[in-house]
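Every chain is named by a letter (A, B, C, D, E and F) in the order it is written, and numbering of its residues begins at 1.
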Amino acid sequence: MLSDSLVELWRSTGIYGFLLPGGWGNFVMIAVGLLLLYLAINKEFEPLLLVPIGFGCILSNIPFAEIAAHTTLTGEMVDHAFHLHEVSGGFIGMFYDFGVSSGLFPLIIFMGVGAMTDFGPLLANPKTLLLGAAAQFGIFIALLGTVALEMIPGFSFVEGGMAQSILHVAGSIGIIGGADGPTAIYVTSRLAPNYLGAIAVAAYSYMALVPIIQPPIMKALTTEHERKIKMEQLRHVTKTEKIIFPVAVLFLCILLLPSATPLLGALMFGNLCKQSGVVDRLSNTMENALMNIVTIMLGLSVGSKMQAEKFLNVTTLGILALGLIAFAIGTTMGVLLAKLMNALSKKHPINPLIGSAGVSAVPMAARVSNKVGLEYDHENFLLMHAMGPNVAGVIGSAVAAGVLLALVPVFGA
Amino acid sequence: MLSDSLVELWRSTGIYGFLLPGGWGNFVMIAVGLLLLYLAINKEFEPLLLVPIGFGCILSNIPFAEIAAHTTLTGEMVDHAFHLHEVSGGFIGMFYDFGVSSGLFPLIIFMGVGAMTDFGPLLANPKTLLLGAAAQFGIFIALLGTVALEMIPGFSFVEGGMAQSILHVAGSIGIIGGADGPTAIYVTSRLAPNYLGAIAVAAYSYMALVPIIQPPIMKALTTEHERKIKMEQLRHVTKTEKIIFPVAVLFLCILLLPSATPLLGALMFGNLCKQSGVVDRLSNTMENALMNIVTIMLGLSVGSKMQAEKFLNVTTLGILALGLIAFAIGTTMGVLLAKLMNALSKKHPINPLIGSAGVSAVPMAARVSNKVGLEYDHENFLLMHAMGPNVAGVIGSAVAAGVLLALVPVFGA
Amino acid sequence: MLSDSLVELWRSTGIYGFLLPGGWGNFVMIAVGLLLLYLAINKEFEPLLLVPIGFGCILSNIPFAEIAAHTTLTGEMVDHAFHLHEVSGGFIGMFYDFGVSSGLFPLIIFMGVGAMTDFGPLLANPKTLLLGAAAQFGIFIALLGTVALEMIPGFSFVEGGMAQSILHVAGSIGIIGGADGPTAIYVTSRLAPNYLGAIAVAAYSYMALVPIIQPPIMKALTTEHERKIKMEQLRHVTKTEKIIFPVAVLFLCILLLPSATPLLGALMFGNLCKQSGVVDRLSNTMENALMNIVTIMLGLSVGSKMQAEKFLNVTTLGILALGLIAFAIGTTMGVLLAKLMNALSKKHPINPLIGSAGVSAVPMAARVSNKVGLEYDHENFLLMHAMGPNVAGVIGSAVAAGVLLALVPVFGA
Amino acid sequence: MGVGLTITVVGMLVVFSFLALLVVFSRLMSVIIVKFFPEAEEPEKPVRRTVGSADTDVAVAIAAVKAFTKS
Amino acid sequence: MGVGLTITVVGMLVVFSFLALLVVFSRLMSVIIVKFFPEAEEPEKPVRRTVGSADTDVAVAIAAVKAFTKS
Amino acid sequence: MGVGLTITVVGMLVVFSFLALLVVFSRLMSVIIVKFFPEAEEPEKPVRRTVGSADTDVAVAIAAVKAFTKS
């Protein structure tokens, strides 16, 4: 009896679990989770996301604990009514089911982002919107890269039911180049949920690495003279403009691209609440309590998708490579378009260093523009100028996401 | 291929959607949503509710975006267990399903309202409770009016499966006269959910319009002498009374009207938490973070019920008219009862201007009483006196709601 | 018609309901709920939990109101998709279904507890961990006691489908001795949900009574000399140690006892967020807004399990008796082990009064150690020394819970 | 229409009875409490506050005040 | 690969058109607003604040400041 | 009863082993950290704060303090 009990207990230990076939994978993933925690805590790489993601990865790879198990509803089906008796499942699995697979969490985060965003610098210099457009090239280049990789024999993103079509994966990988976490999670959870872990980790990692990835590209593409361009001081933007702008963006989106309206709608709802000034209770809650709660649950959920069998795979390397390419190309195109705009029009010159901020990665990319600028002229503060393309990048990647959500399900059917 | 793609994209634009049969209705509703935003932001009409409702209305009427789509649970049914794989639906549709159709959100708001309410002025002068009762007449007159309107040939609230019976609609429209948002939403979501959009909008609009609707009625029914009546200073109310009162109200409600206990129970739970002083952590959260989160989601959900086919209808005009009548009659009866009480008992005179505060619409109606009073005697501050009938009106309309929820399903079966 | 209506209304009153067969039970339970409110508000017995539990008990025993009714999902099942039309049920019943039966709420509370806990005193003097182990004896003695009680003819915890096996009840009753609310609720909701009301009430009541239960035992087992033992000042603990400790505990748990990882994982996630210092936004939210929201809903849910037919039963007396025994034995073993440790090693003496803090009941039990210590030497502050075994007790009872969750379902099958 | 009238009559009857009973009860309760459980003349307990940062903010601010004003 | 290219072309087209339209619109809006609805030279309204304890905190602190500094 | 005893014995065994292992581990960890990663004598980093209004409150209050006390 006692020995039965001990045997039973032994068979429920993690050590026993790791020694089962495939158990080593869980062990490795737990180490990866630890690595994320290390980077988040010691290196301060996007800690708000990587701490929950890393911890979620560890918890979800514990043998027998089933913390990432899907929800089960137990009850009686009578006619058209399901009388619920019990809800069960792993706690992170439930967060995932109701918050991520449903698309709720990234949208709620977007409300909070909206409530924190000031479109003032963009409105003071609207042409910087185009820099936010250029930087989205990275998304589509990575999409093409994914399709190309899939042609390599023996390497496949879709085999084994991992995705509905290569386009579904390609769109999701591409969106890493959007450099916007909630957008990446929203699109991937819709198109290729099996890749959610790898893609979210890649997106947040590269966003954390923006200060390392971007400066060499920015310097390579610009002359010292260009880097020293001083931009005109931004004009004062009235409150009315700031109130009308979010509504206007939403309207353009309604008319042209309804598939992007959940993302842009949530963003602009948060922004309107902030700018209107009449519902500060609500906008404060959106950017604080509500956003923090959702960030915790979203991070853990994303971590729970870092399952050994899906993550410990050569495709993950592919995702990391393509994501890096997407970031690099986005940065490049942003800088190049700024140079082109200067070439076309001499008045109101643009410092091309702010072009790189168009990838989004708010506010990191704008800070990088500022920092590189200061290296060459320690009185040239580019931060506010770079905030324009920076927030334009958020709109740009939401638009790109809308296109992907509209076309991929049709062509990848 | 490229042209296919562009055609595909064109067919997913909002412009294309608005041009489809019935699409104009969505366009009009988006304009209505904009109007609500304008009133909320520029005119400060109940912005905490009308900003989310207006934005929810816009988002829910976007063609193809399906933001208000109901939740779908995908999975496997095995014996009595439903193994969930995925949750899908529009994000506002999910808020509606889990928060409004379930009745949760209005009840949580009521907790917060309870945590913000001080029944002190009511306890100092309990007979003002009767003013809160008189003002509920509006509810039942509007109910009768709805039943009468239904008899007009060609005009119907129930046709096309819009409601279970005319009584269900009548009760829901009547409750607009309760001048209490969460009560109106709770009752309507139970009795006639198809009318939730119109009724909630009417209720909040008239609550915002209280400073315009009430003063003429108050002045017409009172003499200048009456308006100048000075009331005795309110006595100090002890903490013990404030702690026992919410429990006592709940008990009376348990004994006499269990159907009102979800509403009054939630209200008194919040109030007891506040008054007891031992769980301030909880009562602060109820009136701040929790209430704000739920207000955002509730407002968006109510907006999502402003669907073209249900709102752009002559019945909406009927609802607006009946709601206005309900408000006017509630105001009238409150003032008249105050006059009657003065006639019956000479000591402790009541200024009839506080009678109008019995409709609830906390704290707007009490402020209106105060303001009108000051017009005639700039030293006669009625605010605290009017808070008595004002909070009594909340109890009164919850009781009326209880009666409706108990009788309508029986007689309207 | 009018009389029909009045009869209908009379049949829906609480008075009528209490007079129906079995209705007196609801009435008694409402009185019990009131008693809990009285203790919470007037005597300040764990008010953060007992106010919501007491109120939940009252609301859930109101005749006809069905506030604790389970959730019902109404909709259409098409292939593998359930298209939801409506969610209904009592509002507290829904909190229970989605938050307690799912295990979510106690785990979220544990995150908050983790974010509030400082393991510093434990790290400064690790051998106090053993005191936290000794105090868990109470759990297993109460488990044995439950099995023994079941043998009394005519007395049964499992009859009438109340539990799957006596072991399921025994484990749940035993866990009262863990003196940790969320752990007790988590284990009971998994093993014997029908006893959730009685067990949670017993657990929180005894935690509130710690200042009355423990001192006599502590004094009986120690000499005056022992009570005056001065402990060495605690060394400074570095931030690095505090960051690594939660991860280390989790790892030990992963290797040895995965069934305890949901509880310890949530606890250590909260603690790591706090100690890392890089995600203060998140840890603040965990210990404030999120924890408060969940505390409200959890308390109401637990109260809803105080149903007359399940609570007004001689088994409840058994639970209360066994719970008290568990507390007393836990206290005893903690003190005795401290004495034993002193006997085995003369250097670094331990004041045995801190042994009692090993039962957890954070921070009440540590305060009791401090208070009793001061009675005998008014300069001997034991509070920080007692915090070591106190938080060790939380880990200890989570480990004990893990063992129960691993073995009971196997042996009680 | 008949049913509507019935509900109206019953409804207002219940609303008035309920609130009238509440008037009676509140009066009774106040009389009893003021007579038998008078409020001790205790110096109003400082309102308890939520655990959290707001408290410390004020503390910080007041500390700052003191620091600045001492000199 | 063909489909991928198509999506790329269409996608960048849409992104650019969308943001270019937004440039035009923003300019237009700003011109109209600045011309027809100029911001009144009002003394910047004090930012509204969440109802809650934070307000009173500041009030308390400022009251303290005044009290301390008056003397 | 037998099963109950078994669970009791196994349970206490596991609880004690687990916490005893934790004692050993904690000691080891502390020794290593204190020896190899001693805490730099850095001036304690100011505690990070939640983004939000509370910060600005204090700022406002302190600004007020300065304003009042300068004169």
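Quick note on the criterion: a contact is a pair of C-beta atoms (placed from the backbone, for glycine too) under 8 Å apart; a residue touches a chain by one contact, two chains touch by 3 or more.
In this text the structure is predicted, and so the values were computed from the model without any measurement.
Engineer: Can you give me the shortest step count from subunit A to subunit F, moving only between touching chains?
Structural biologist: The fewest touching-chain steps linking subunit A to subunit F number 1.
Engineer: Could you see whether C-F or B-E has the larger number of C-beta contact pairs?
Structural biologist: C-F
Engineer: Of all the other chains, whose mean CA position lies farthest from subunit E?
Structural biologist: Looking at centroid distances, C is the chain farthest away.
Engineer: Please decide if copies subunit A and subunit B contact each other with the same set of residue positions, more than half shared, or with different positions, and reply same or different.
Structural biologist: different
Engineer: If you average the CA atoms of subunit A and of subunit C, how many Å lie between those two points?
Structural biologist: 39
Engineer: Approximately how many whole Å separate the CA-defined centres of subunit C and subunit D?
Structural biologist: The answer is 31 Å.
Engineer: Among the residues of subunit A, which ones contact at least 2 other chains?
Structural biologist: 5, 9, 71, 73, 75, 77, 82, 85, 89, 256-257, 278, 281, 284-285, 288-289, 403, 407, 411
Engineer: Which positions in subunit F are in touch with at least two other chains?
Structural biologist: As it turns out, subunit F has residues touching two or more other chains at 3, 6-7, 10, 14, 49-51, 53-54, 57, 61, 65, 69.
Engineer: Hey, which residues of subunit B end up touching subunit D in the complex?
Structural biologist: Residues of subunit B touching subunit D: 122-123, 126-127, 129-130, 132-133, 136-137, 139-141, 143-144, 146-148, 151, 167, 170-171, 237-241, 244-245, 248-249, 252-253, 256-257, 277-278, 280-281, 284-285, 392, 395-396, 399-400, 402-404, 407-408, 411-412.
Engineer: Which residues of subunit B touch subunit C once you look at their complex with the stated criterion?
Structural biologist: 70-77, 82, 85, 89, 97-98, 101-104, 107, 111, 243, 247, 250, 254-259, 261-262, 265-266, 269, 272-273, 276, 278-279, 281-282, 284-286, 289-290, 403, 406-407, 410-411
Engineer: Once bound in the complex, which stretches of subunit C touch subunit B?
Structural biologist: Residues in contact with subunit B: 5, 8-9, 12-15, 17, 30, 34, 37, 40-41, 44, 47-48, 51-52, 55, 58-59, 62-65, 67, 71, 73, 75, 77, 80-91, 94, 288-289, 292-293, 295-296, 300.
Engineer: Touching subunit C in the complex: which residues of subunit D?
Structural biologist: Residues 2-3, 6-7, 9-10, 14, 50-53 of subunit D touch subunit C in their complex.
Engineer: Name, in rising order, each residue of subunit C that touches subunit D in their complex.
Structural biologist: 1-2, 4-6, 9, 284, 287-288
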